[in-house]
């Protein structure tokens, strides 16, 4: 069967490609170490960064289109070596339209100690609804990482998980929302790191976390579109 | 009643818009997380950033004009979700012409530990006249944050307050002065953080703090305009 | 004997020159403190940065061509004062086609404490196959630094070594690979530094390190070219 | 007496103006908080940044020309409020042709703890010939800061001094050399800070410091011009 592209696929290739700029801009990635993917709305088609291509050289045409099992449908290059982990998320979380993976340094430092990031900032309550949870140590090359992500995030408010000794995975309704979660995860990982360096941050009461999260998800931003400050 | 704009309103929209560039440039904000507002001189009109718009996409025309109670008088978008806190400051501090809010990381780390930032740098004595004080924990969605800011800053030399578990608010005679205070607050929060990481900074005697503050407020810069080094 | 340049020499001058941009971009160098060199494939010719020239002013024509003993064959300027150390590596490791030296801050901080950087990140297992080893304290002005690099890296998986009280040297099959190793060495030095600031990172079992390293060296990237994520 | 400019004065105005770009580029200054000055060779004329002007707005024509007592000879703006400290250095150290002052964060953090920066990096031995010494606490508004700088640096190898609770002053044979010293002072202040965060750096033996310093001052760079790596 020959794959025929559509305007929706081409648009997703442009969006996924350009969102990598945000990973660089906010200091989340080094060399070629992070990747963004997106699900073409209403389909089982995934668009993902090719493996081993510098961010400077990324163009929409280099993006790889795969099915949910990772079979390459379009694109001359191999997909990101993290594609299998992205695909497990798309398979098991149908509401997810975008996935991001980085080794952003502050969040990854928490992951190296196998510590979830505690919710001691109102901005964390807003965005993550509580702590950023810790997922298991898992090796690449099977569905272990993907399963660890899904098991940790299922039933959790947070769109971000830190995987032990590894890095960060985030999800969203679309790739931009997943990128925002990755950017904010590093931002709060850094501020809480700084806070902990000189003592103990003050906890926020659970009822206040709940109230902040509820408000942010339902009131912020330009309705009915994005939820931003 | 229909709002009619004036040259002073349009000028304030341009100034408020362009000052957001400084928040980005000095590393105070991530994604869309900070905001600047200004009072149109001699009026009760406030110009503020719209909610949920990327800094790249800000233009003067997108700025929102409100009255002191937050009623939108001009602008197609909703104002920043922090507008209510800004407005309480403008209502209760008539000398204030600009307000800035950020979650700048070093200052917010002190806020997460509920610690004021001690005055151990001559630059802090110059700009803040002593420590940067701590305001209370307060939830968004009422006038609690605004009251906490005003109660903390009233009768204090510092134009900056760190709000517990939240972030920084600064005030000034105009938006640029409030932005400068936000930039310098993060700068000194960072240096004092570094100093404390490896031991105890040496305190500065109160009489020296007083002398430095007095001189800086009355002698520095190009008279009679801005007070800068 | 008069040196006659070749297209391969000229191409190497361009590559070595432009790779210095990456040292700046990723924050590895300050002022003129780092340098890149490359071996012209199939020859004993080395191309290296001139000494004391600002990165802004580097052009391919300023690159210095030497033999393996450091005798200048082409170029109007003196080679980097680190050239002797680079040359010892090229003499004793014929498989090496590129060498990079920096004082990148996080990696150099480990070197100042004379501590190897422990392998507690999957990205370290991928790139370095284990810890980044520590080389001896050695003075410039003899072959001591070069010998220390070679003795430490021989028989080690890591393409990076931190030299006590000094900085980082990396090797690669070509200059770009050595630059990538320098960039990733600083990246992991930083993340492990952050992790250690707040506790003890969780070790990765040796069998998992072996598995990750083996996979990364043999599977990643666009085959058969570069090995990147 | 009316001041008549010369080509040497105009050239120094251009050099002093453009060197402020380096302070920004290497992260040494925030808002308008640092300044560069230079002595016109063979004269008692000093060129210095005006007070309270943003780095973006600096042009050679805005530079202020003074005599050694700080009397303004040319320029429409007031000189930097630190001019008096610069002038004391020029008066008492006739070999000095450039002075730089910053509050660069890592170096200033050592100053806030009143700790000299120990020489645990070969690059420090090269550039500073040992530790970066600590000068006294001194108030602005008299010659106290200038005297503290001169008393500390006289007979010391280091071209940089950290002034207690304040910041960094550096000297050089010309403004560029003083800027290089300021950039390298922050660079080593940062690396030694990082090293100390996780333990004790290994000292370098005094004989090795002497050997490194001697070599760097006499051998490095393109002879007979600048001494850079």
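To keep things simple, chains are lettered A, B, C and D as they appear, and every chain counts its residues starting from 1.
Operating definition for what follows: a residue touches a chain if its C-beta (ideal position, glycine included) is under 8 Å from a C-beta of that chain, and two chains touch if they have at least 3 such contacts.
For reference, the UniProt names are A, B, C, D = L-ribulose-5-phosphate 4-epimerase.
Quantities reported herein were computed from a predicted structural model and do not represent experimental measurements.
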item	value
Intersection of the contact lists for subunit C and subunit D	none
Chain of greatest Cα-centre distance to subunit B	C
Subunit B against subunit A, contact positions shared by both copies (same if over half, else different)	different
Equivalent-chain rotation between subunit D and subunit B, CA atoms, steps of 5 degrees	90
Separation of subunit A from subunit B, taking each centre as the mean of its C-alpha atoms, in whole Å	32
Distance from subunit C to subunit B - Cα centre to Cα centre, in angstrom	45
Numbers and ranges of subunit A residues touching at least 2 other chains	197
Arrangement of touching chains [line / ring / star / complete / other]	ring
Residues of subunit A that touch subunit B when the two form their complex	26, 120-123, 180, 183-184, 187, 190-192, 194-195, 197-202, 204, 208, 211-212, 215, 219-223, 225-229
Residues of subunit D defined as touching subunit B within the complex	30-33, 35, 50-53, 77-78, 80-82, 103, 105-106, 108-110, 112-115, 137, 139-141, 164-167, 193, 196-197
